[in-house]
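Two complexes follow with chain A in common, the first pairing it with chain B and the second with chain C.
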Partner chain A sequence: MTNRFLLIASAILLTAIGLTWWLQSRQVQPVAITPSLTDQIEYCLTCHADLTEISPSHPVETYGCVLCHGGERLALDANLAHSSMRGGNNQSDLSVVEQSCGGSNCHSGESAEGQDHIQRVMTSIQSTYAGAIANVRYTYGAQTDLTPLFGSVAVNDTSLPSQTGILHLEAFAISSENNQFLQTFGENCLTCHLNSTGVEDSLSTRFTGCSACHSPAGESRAGEIHTLTTAMPYTQCNTCHNRGNYDLRTMTFVERSDEAVTRLESYYQPIGQFTQCEYSLDCVDCHTRTEAMGDGDIHANQKDIEYVQCKTCHGTLTELPLTMTLTDPEDIAFRLAQLNPLMDLQVGDTILVTEQGEPLWNTRLLPDGNYELIGKATKQLFIFRPVMGSACTQDGLEQSSAYCHECHAVEH
Partner chain B sequence: MRPNFFQHIHPPTIPAEQTRWRYTLGAGGTAIFLILVLAVSGALEMFYYIPSTGEAALSVQTISFLVPFGGLVRNLHFWAAQLLLIVSAVHLIRVVFTGSYALQRRFNYLLGLALFILVILLDFTGYVLRWDTGIQWALIVGTNLVKTIPWIGNSLYKALVGGAYPGSATLVRFYSWHVFGLMLLAAILMIWHVFRVRRDGGIAVPPPKQRDDIVRISRKELVRVEVVAMLLSGSALLLLSAYFPAPIAPGITEITALSGAASAPWFFIWVQQMLKWGDPFFWGVLVPLIVLTILGLIPFIFPKPASQDLGRWFPPSNRLAQIALVVIALVITALTLVELRPVQ
Partner chain C sequence: MNLFSRRDFLKLAGQGFLVASGFFGLGIFTRFLGYQAEPTPPIEFDLGLATDYPVGSRTNLPEIPAVLVRSETGFSALSLACTHLGCTLEQEDNIFSCPCHGSHFDEHGMVLRGPAKKGLVMLRVEQNDQGHVILYAAS
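Up next, the complex of A and B:
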């Protein structure tokens, strides 16, 4: 053994050290954040620095990423970092929403404080699809009445006492249906509920869970959507309510074939009449949190939970719409207004309320007796007047929206 | 010039035959080098590793991604451990295939086999210290195998796991075994093993009168050979560690859940395959113990190699021992390959 071997071996080791050093120097420098709610360092921003903040009410300095999304907060390897994320790319999927968005300080809190979003959504008609399932099963003779027995997933009503008396739904299962049509229904038609992402690559494509509504895709409908908002444009509602329809003979979903040019054309009901405000405003300008997310009870039908009518804002010939004057700075109306700061709502302002007492926080009574409404998504200002004192000649007993449409629908 | 410390711990001169690569394969010496690497890299890891169920996996991630050169040190520790197993196996095979275990070296053969078992146990305990979902299956199945041993199984399980199922007591016990208990035993046995090599007359070669090659080399030359070996194996280790990171997975959240695919560490995959055949005690405990016993009995039950055959590859005089080892190695390799074959 001569020194030559020693030299060669040393050269090889030096080369190995050099290569290792070069590789080490190419490694990314971690970007740390310590969210105040967890006080635990996380390195997600090393790669996700250019992600826009999800919403002003979830600032990244407070929440960080891992509290909601899960994942390995210290890992700088993409596969490892993402391996334990909840719900894949959508942590608001209803199967994981309690861990992601829940907790008594967040969205599964007290109903008195309006913080029980998750409990309500779980049992809501939008999530269970119970009414449609019951109707179709009844139509094909699989059940003797329209009482809902099945939901898109099994669900229990945990917010007792129940006003509807429906305490439990079994999960609808294709395998336990005998009728071939019901099996096809299960295969093709269960796409319009919060546990489904909708028909693939269509107008109906969207996220599941909270993000089905609160993470609007916007114009592009592509790429990463990192948004949570309460200002949902009607286009997001249209991902389900989009004028496509189910064909009961073939049990298939038929997408609308025409191309909507105007807002009125793209309105979701294939038949029906619409007044100007129905196609000028966004759905969420009138329809309330309870209507969209449920009231905690399991309902049999959309009609059982939808209650806002024309008269909610316009009143009737004999009555002005219900209003309340805000006296408590802690009123939920202020919290809702803060989430989508459209108008400078003040203590002392009088706003419209629904017959169930839900504040229509984007409205205000004006000194001249008219009302203002600011579109939640469009930020457009609308001034409108009550029916009382107008030239309306409607029968006082016929005050549901259908009767208003008789005169005020755009077709007339 | 008086010998320096490293030269001093070697014999003044040794027969050149004992240092030939083609004879020793350098396996024993490389094993010692790898153990030194493991001791140093392991000691460095101990500054950051936290042996608690909540923080173990996170601290491994901290080491891997955030501590300067932590990932490299962890990879070095991982690869040195894997290579140590391979090198130890090669060393064992070399000793059997050259009949070097015979006569006065029978005891040192047993010491070496005990060291081999300790290396396996150190590898397994170190593997468990990750405490992530990657080790969950092996931890639960491995400890449950202990339970199947008649009479003493349950007590042994409690002593090993420290409770009814793996938890924080288990992690601390595995940690203590890894960094203290097994390490101490391995250190003692290693020193004893090396001492016995020298006491038994150095690496096995024929007695002086039966030797063809009578060249001797000085300890200076010997140290130089060892340094070359260290530089080369060090380079290989460094490159492996730089380009192939050690496995890592998300931390365990629910220890009792035995989810996911079966995944033993690679050196136990043959046992994983046998466990599919039925009785876990027979296939998971007894059969590996029988294999170990056969290995231990090689110097005692098979015909002894002739003294002039020492230091020769495949001497005809211990053919039976060679065949026994080949059969064992082939069966273990075949079982591993069967288990690893891609699922159709």
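Up next, the complex of A and C:
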């Protein structure tokens, strides 16, 4: 009886061993990587080995995948491996961005070192949409002035002292609005902020969070996008900008219907005048990181945080544009230039700066008094001259683009 | 007369079966006890004979990554992991630069340009009795 029992037990054991061996032989061999930042092995590359590196600043050998994306680092089953990923396929969504991209050495560092990207983006106009919400609520009598009270999500200004005095925004909620137009506005018109993915299946479809700008989808707007760049083409900005108009009678957004052939037509919708540089360059060639990502304060209006004008690069009749000569190898201009190595910026080079002192690191003063600019996305070289000494007769106090367009718009 | 009866054969086969199961079971148990889900990376590297490295030489060791320096006073080694976030540094002339965020270090590992704030880590180097250079990647 005992012998028979032992024989049956042995048969079961050998069968189990054989079955395990057979199953293991069918399983994919894990591809391991031990990122230097975490020093913990992860098997993500078993399935994702063909994924292109997300950026030169984030090599997989250093960061791995899990530090940013989350997930189960040792799992070989796709469902289990992805079960604890942050933000689904976009770890830069603002709801999880602090865990994914934050940290004092990464993107929620010191403002003095320009490392406080997340804090600034959270309170930026691009994220809160506070100005548009305040304007529409004021127009329909839901508030007595244009002070922003609501954002696309609730947000606090943690970077005190606040220059604007706006310390908090409540989350805009359709259900709290009594006016039918405001409810429709909430349903139809809140697709442009960084917490929204835009209108589905349209040219405005994009990721949320950092990837809304830094992960350009390209022409197809389809497929897997695994890239982070500071060289955003204008097409990425156009996922929010220049893509149509609001119809205030029906409170709907009407997508532009013109079929753009040239870059000028593609860049702007056909309602305005623009100079050649305004469509030859990409938006990021002139507009700065502070304009795009905010300065840490909650602002009421896009205009409050947008200050680059024609004169920033061209100056006026009586003043040359603001410049600075790079003397400190620690200057942030070098770090920005390193992220998108277009030009060999050197200590001793003189570059243009904004009125806020931000370096336009893709520009340089040339020995003949002209300036060069290299397109961040196109890598195209542009040489341009200052207004001073030219035949221009424009009043120095009238410097908004509308005045410059009177002579320099492309149709002139 | 049959020396090896059917009963003897079955008995022998049963015993063989039991012994095989025992060995398989023992093997699996040993494998289970010794299983390492996360094998620790090597921290000690045998770099071969010291005589292979002439005085005044600087040898890049990308697999560690480090640079081995032999001067008149002996061997020393600098880690080539950037002290900012750990990216592997690239060497151009006598400058080590970080491809990730642009930190620069001089030939002695001192910071020339941030964002790194600390100099490169010096690694321990020893010579063993056989005259081999041994580098320790962790202190």
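The working rule: the second predicted complex is superposed on the first by the 387 of 412 C-alpha atoms of A that agree within 3 Å, B and C clash if a C-alpha of one lies under 4 Å from a C-alpha of the other, contacts with A are read in each partner's own complex, and residues count from 1 in each chain.
FYI, a contact is a pair of C-beta atoms (placed from the backbone, for glycine too) under 8 Å apart; a residue touches a chain by one contact, two chains touch by 3 or more.
Please read all numbers here as calculations on a predicted model, not as lab measurements.
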| item | value |
| --- | --- |
| Partner chain(s) touched by A:Tyr43 [first = chain B, second = chain C, both, neither] | first |
| Touched partner set for A:Leu74, first chain B, second chain C, both or neither | both |
| Which of chain B and chain C A:Ile17 touches, first, second, both or neither | both |
| Which of chain B and chain C A:Asn105 touches, first, second, both or neither | second |
| Contacts of A:Pro59 with chain B and chain C, given as first, second, both or neither | second |
| A:Ser83 touches, of chain B and chain C: first, second, both or neither? | first |
| Contacts of A:Phe5 with chain B and chain C, given as first, second, both or neither | first |
| Chain B/chain C common contact set on chain A | 3, 6, 9-10, 13, 17, 74 |
| Touching residues on chain B, where the partner in the complex is chain A | 58, 61-62, 64-66, 69, 71-72, 221, 224-225, 227-228, 231-232, 234-236, 238-239, 241-243, 245, 248-251, 253 |
| Residue ranges of chain C touching chain A (in the complex, touch as defined) | 14, 17-18, 20-21, 24-25, 28, 37-39, 41, 81, 84-88, 99-102, 104, 112-115 |
| Chain C partner contacts - residues on chain A that touch it in the complex | 3, 6-7, 9-11, 13-14, 17, 34, 36-37, 40-41, 56-59, 61-63, 74, 105-106, 113, 115, 329-330, 334-335, 338-339 |
| Complex contact set, residues of chain A against chain B | 1, 3, 5-6, 9-10, 12-13, 15-17, 19-20, 23-24, 27, 30, 43, 72-77, 80, 83-84 |
